[in-house]
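Structures are listed in the sections that come next.
Each of the next two complexes has chain A plus one other chain: chain B in the first, chain C in the second.
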Partner chain A sequence: MSPSVVFDLLVAGLITGGLYALVALGLNLQYGLMRVLNVAHGEFLMVGGYLTYTLHTAWGVNPLLTVLVTGPAAFAAGLGLHRLLYARMLRAGESPEHFASQSLLLSFGLLFILQNGALLLWSSDLRGYSYLAEPLRFLGAVFPANRLLAAALALLVSIGFYVFLRTTLAGTAIRALMEDQEGAQLVGVDVRRVHARCFAAGLAMATVAGSLVSMLFELTPFIGLPYTVTALVVVILGGLGNMLGSVLAGLLLGLVETFSVQFATFDLRVIVSYTVLTLVLLVRPSGLLGR
Partner chain B sequence: MTKRIGRREFLTVGAAGVSAAAVLRGRAAAQGKPVRIGYTHSATGPYSVGSGITQSPNWALWADQVNARGGLAVKGEGRRPVEFLATDDRSEIETAVRFYEKLCTDDKVDLLLPPWGTAMNFAVAPVANKYGYPMIGPTVSSMKLKELSFPYFYAILQQPDAMMAAFAGLLRELKTQGKISKVGLIYVNDLFGIEMFNAAAGPFKAARLDVVETRNYPLGVKDLSPVMKALKAAGVDAFVGLTYPPDNILCTTQAKENDFNPPVYITAVGTAFPFFRDRFKGAEGVMGIAGWNPKVKHPGAREYYEAHVKKHQKEPDRWASAYAYASVQILERCVAEVGLDRKRIKDMLDATDFSTVVGPVRFVKGINATSPAMVGQWQRGEFELVWPKDLATSAPAVPKPAWA
Partner chain C sequence: MALLGLALLVAPAVLTPYQRALGLAILADVVLAVAWAFFSGPTRYLSLASGAFFGAGAYVTAVAGGAVPWPLPVLLGGAVAAGLAGIVGALALRLRGPYFAVFTFGLAELAKHVLIWYETRVTGTIGRILLAQPAPVTLYYTVLALAGLAVTTAVLLRRSPWGAALVGIGGDEERAETLGVNTTALKVAVFALSAGFIGAAGAAMAPRWTYLDPNVFNPLVSFQAVIMALLGGASTIAGPVVGAVFLGLASEILLVKFRYAYMLGLGAVLLVVVLALPEGLAGLWGRYRSRSSA
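The block that comes next holds the complex of A and B.
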């Protein structure tokens, strides 16, 4: 195998991995940090994709600029949903495990509502458009601009959020909340507010990821679930709540998948991905960068 | 308390009103007991794309047309309205099987229509067979069908061996003309892709085609650029992708992104969707599995196309949609000639030449033996039939122009 093929595969794997990291960001915030097991994560991504599709095809808005609409809209919707549904469960003062299972049930409901809502609005027909599907030449290899962009954005947002969690007061409050809810309350953290904003930010990230994904793949109301599964694997592999771990895990999965598609004569992708997950969890039960 | 009683009263009165209205309306429109036709369709889940393009719209169209004519003509009983008992199978095979069991035993429907897709049809064919319901599948293509042989199951779509023979025929012709020399083949690692790939081996060898690169990839793949790059590096000038719709769109996007523009570019499922044409700005020169277009001379073809566009505000696809419509045309004729006796319908299916929007259809051992496999090519907005020659609506344009 020539070095140029290996280089090609490496970059293609890293780009796919960047995409996975992007998809996992929002779920990491919700599940990794807040223990809201949002199985409708992929559905919010799907809605983001459709919103971008509609804005772009109906009004000619640049798909990249649509995130300025989809992100804030999802954030607002997230605050609303939180007040309507999740705040009640927080009030009950239950254990984190109980909260996780309750939120799981809730998000199943959301999943069906979003899927069927999208089905009514956009029908089951494939939808898609072409944006930045231009070849970029880099060290003698050719890569599509839109994928590079999505991967780069994933990296940027992940690093940005990591810095935010580590260096700002709000970030400290989030980490405190995750470690000990009562303790955080004692030192003056407004649990409900922080919780609501984290949840909303998670939705916003999912939606923005959807906006970017819509530049690459076709949409149907049912594309969500595989993204949710990938995101869960990435979050667990990287370590719950660890943004950099998520990025590493996403890149690792992307590489593993790309190479297995290249070399296996049959579909090894899923087997290889889960083998990697199992091995990592055997050696490091809390994930790559988990504590 | 008062509030609750109030609501209950309201509901009772409301329900009575609704049922009265239903009875009255029923009486006004009644021309005999409806003919009840049961089926499941994938309104939700991954199959909903295909189901929503190739099957459900055509059945809805047919039912509308039949009822507008005063109902389905049943031999000896005059016209009876068509009533569908349709359930969403959520793209789950076991759900579909359960509902078909129910349709046959509980609902005791008069006739059955099939669900969407090869895997689904495989699962419900034994049920239809067990209860003696003739079922004509317009979206099933598999060599295994012949081996299994369910006497009550009929496949109206072209099967893998015929399709691959058509591909090979066109490619051989282009090779003798000196337009292509190196074939690159990729297939989706799924029952459909594997069967197509296996069926291709014989005809491609017989046509002396030089297959220089063969690759497969899993269903749901997110990146095919390494595959497309490998084909480009191998100097492939005839690309054959035995694809499903999502990977079809992915590999076509990535062919363009990687400057891979071979003179012949053929993909399989999805190419005949109008969506594909619109997605790739005309998709000029892209070839794919075809079976029909509005230009064919079969009786009713143009009318079918126009009625479809009028009812659904979207064009039918250029492969299986017309076969779905043809399958209910066939059923309609059977019921008109032998009534609703399902054994007699089966006998008629086995021994009759039918005239449909896809041309003459005759079943031999449950498989449509008359509709030839065809290759289409997007040319100026229409999926022209370019192979076989005697049915072609246009000549193949090779080399294909640059990607739009």
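The block that comes next holds the complex of A and C.
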């Protein structure tokens, strides 16, 4: 294999990985902080994709600019959902284990509602549009411009969020909550508010990722679940609550996937990622980069 | 109870073929929900592997159905699913909470992909046609027997010391272990027992389709088992039966006509049950009774 092919695959893997990082970051924010394992995460991505599709094809809005609509809309929806579904359970003071399994069931309910809602609204036909598909030279390799743009945006949001966590007071509060909920409460962190906002921010990240995905691939109402599974693998690889770990593991998984698709004649992706997940769970239940 | 059993026994003689098929589907749902609740009800381990076990059973019938006389594929299907559950359980039952659920959820998808891979690589075809199917009435009695057996097992298990130990595991697993329960062995055994019934149901229902492919490993089956049991109330015996009859009827009638709207409604039902009916319909009935008697 020539060095230039390796380089092409490397860049392609990092582009895929950039999207995975953003999707996984959102999931990790919800799971790492609230122990809400949101299996409908990918469905929010799917809905984000359809919203961008509709805004672009029906009103001619630039797909990139739709992010300014889908992100905030998802954030608002997230605050509402948190209030409706989780706030009461948090107030009732359920045991963490019970809360975890109840919220898992709730997110399965959301999955059904969103997926079938999308089927009713947009049908199961493939939906797509072409945007910035012309090739662009990047670091000596040639890629469609939209892929580079999407990956750059995804990484920008991911890194921006990481900087936010590290440098601002609100970010410090979130990190404090992940470390020690009671301690954070003692120093005056409003747990319920931070929870609600983190849940909403996680949804917004998934939805924005969906807007970006819609520029690259055709949509069906079924694209969500594979992203959820990938995000889960990434989160578990990178360690629960470890945001930097999610970004790194996302890039890593993008690389592994790109290379394995290149060399395996058959699509073994589901089998590979599930095997990785199983091994990690059994050998290191706290994740590869976990504490 | 005896009256109901008798009615179910003579039912095929008076029902139209459509009604009999409906009854068959509901009885299979009862097996699914009751068997799911054997294990997941008391222990609170949320298993989403039912689709994998059901699919494994169905595939056994597809592969072996023509070669051996009828009730044998059902037994074989149950045995294969129980064996699968034994392996999965030994690996996964040390995971607690959401991890176990996620692990089991991926199982149906994994089984499907492994099977597609195997079929394309080794046998060169995907999917099988089912030949030499048993008569519909035979199927009805097979599934009726399974349902009766499942309910009986649930009752016996609940009254046995193991039943109490399972509840202990659901309450506080470490304490149960300290009190001398061999939790691992018990969990794996009951998980396999539950899977055996689900696999047998899959094997018995397979002849309903004339053609079977790896898509029979359907995650929807996993959800249906959970939703039926929780809707009825997973901690009682009657709960999963009630939930299965209720949702089984609803799905057979609505699924064909309003597929997406029905599944959307199913999601909404799940939200309502989790948020407002933690004890299920059976719990609601209990609350109503205790209030009216007070």
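Heads up, the rule we're going with is that the second predicted complex is superposed on the first by the 263 of 291 C-alpha atoms of A that agree within 3 Å, B and C clash if a C-alpha of one lies under 4 Å from a C-alpha of the other, contacts with A are read in each partner's own complex, and residues count from 1 in each chain.
We take it that a residue touches a chain if its C-beta (ideal position, glycine included) is under 8 Å from a C-beta of that chain, and two chains touch if they have at least 3 such contacts.
All figures in this text were calculated on a predicted structure; none of them were measured in a lab.
Visitor: Regarding the shared-chain residue A:Leu120, is it in contact with chain B (first), chain C (second), both, or neither?
Guide: second
Visitor: After superposition on the shared chain, which partner residues are touched by A:Val283: those of chain B (first), chain C (second), both, or neither?
Guide: Touch status of A:Val283: no partner.
Visitor: After superposition on the shared chain, which partner residues are touched by A:Gly128: those of chain B (first), chain C (second), both, or neither?
Guide: first
Visitor: Once the shared chain is lined up, is A:Ile15 touching chain B (first), chain C (second), both, or neither of them?
Guide: Touch partner of A:Ile15: chain B, not chain C.
Visitor: Check whether A:Leu169 is in contact with chain B, with chain C, with both or with neither, and answer first, second, both or neither.
Guide: Touch status of A:Leu169: no partner.
Visitor: Between chain B (first) and chain C (second), which does A:Leu85 come into contact with in this model arrangement: first, second, both, or neither?
Guide: After superposition on chain A, A:Leu85 lies in contact with chain C alone.
Visitor: Could you say whether A:Ile271 touches chain B, chain C, both of them, or neither, answering first, second, both or neither?
Guide: second
Visitor: According to the stated criteria, A:Glu218 is in contact with first (chain B), second (chain C), both, or neither; which is it?
Guide: In the superposition, A:Glu218 contacts chain B only.
Visitor: With both complexes overlaid on chain A, does A:Leu106 touch chain B (first), chain C (second), both or neither?
Guide: Only chain C; A:Leu106 stays clear of chain B.
Visitor: Determine where on chain A the residues touched by chain B overlap those touched by chain C, and list them.
Guide: 115-116, 119, 266, 270
Visitor: Looking at the complex, which residues from chain A come into contact with chain C?
Guide: Within the complex, chain A contacts chain C at residues 35, 37, 39, 85, 88-89, 97-98, 100-102, 104-106, 108-113, 115-117, 119-120, 229, 232, 266, 268, 270-271, 274, 277-278, 281-282, 285.
Visitor: Residue numbers of chain B touching chain A in their complex, please.
Guide: Chain B residues touching chain A: 43-46, 48-49, 51-53, 91, 189, 216-223, 225-227, 229-230, 245-246, 249-250, 253-254, 256-259, 273, 275, 279-281, 314.
Visitor: Can you list the residues on chain A that touch chain B in the complex?
Guide: 5, 8-9, 12, 15-16, 19, 115-116, 119, 123-126, 128-130, 133-135, 142-144, 147, 217-218, 220-222, 226, 257-258, 261-262, 265-267, 269-270
Visitor: Can you list the residues on chain C that touch chain A in the complex?
Guide: So the residues of chain C touching chain A come out as 44, 46, 91, 95-99, 101-103, 105-106, 109-110, 113-114, 117, 120-121, 223, 226, 230, 260-261, 263-264, 266-271, 274-275.
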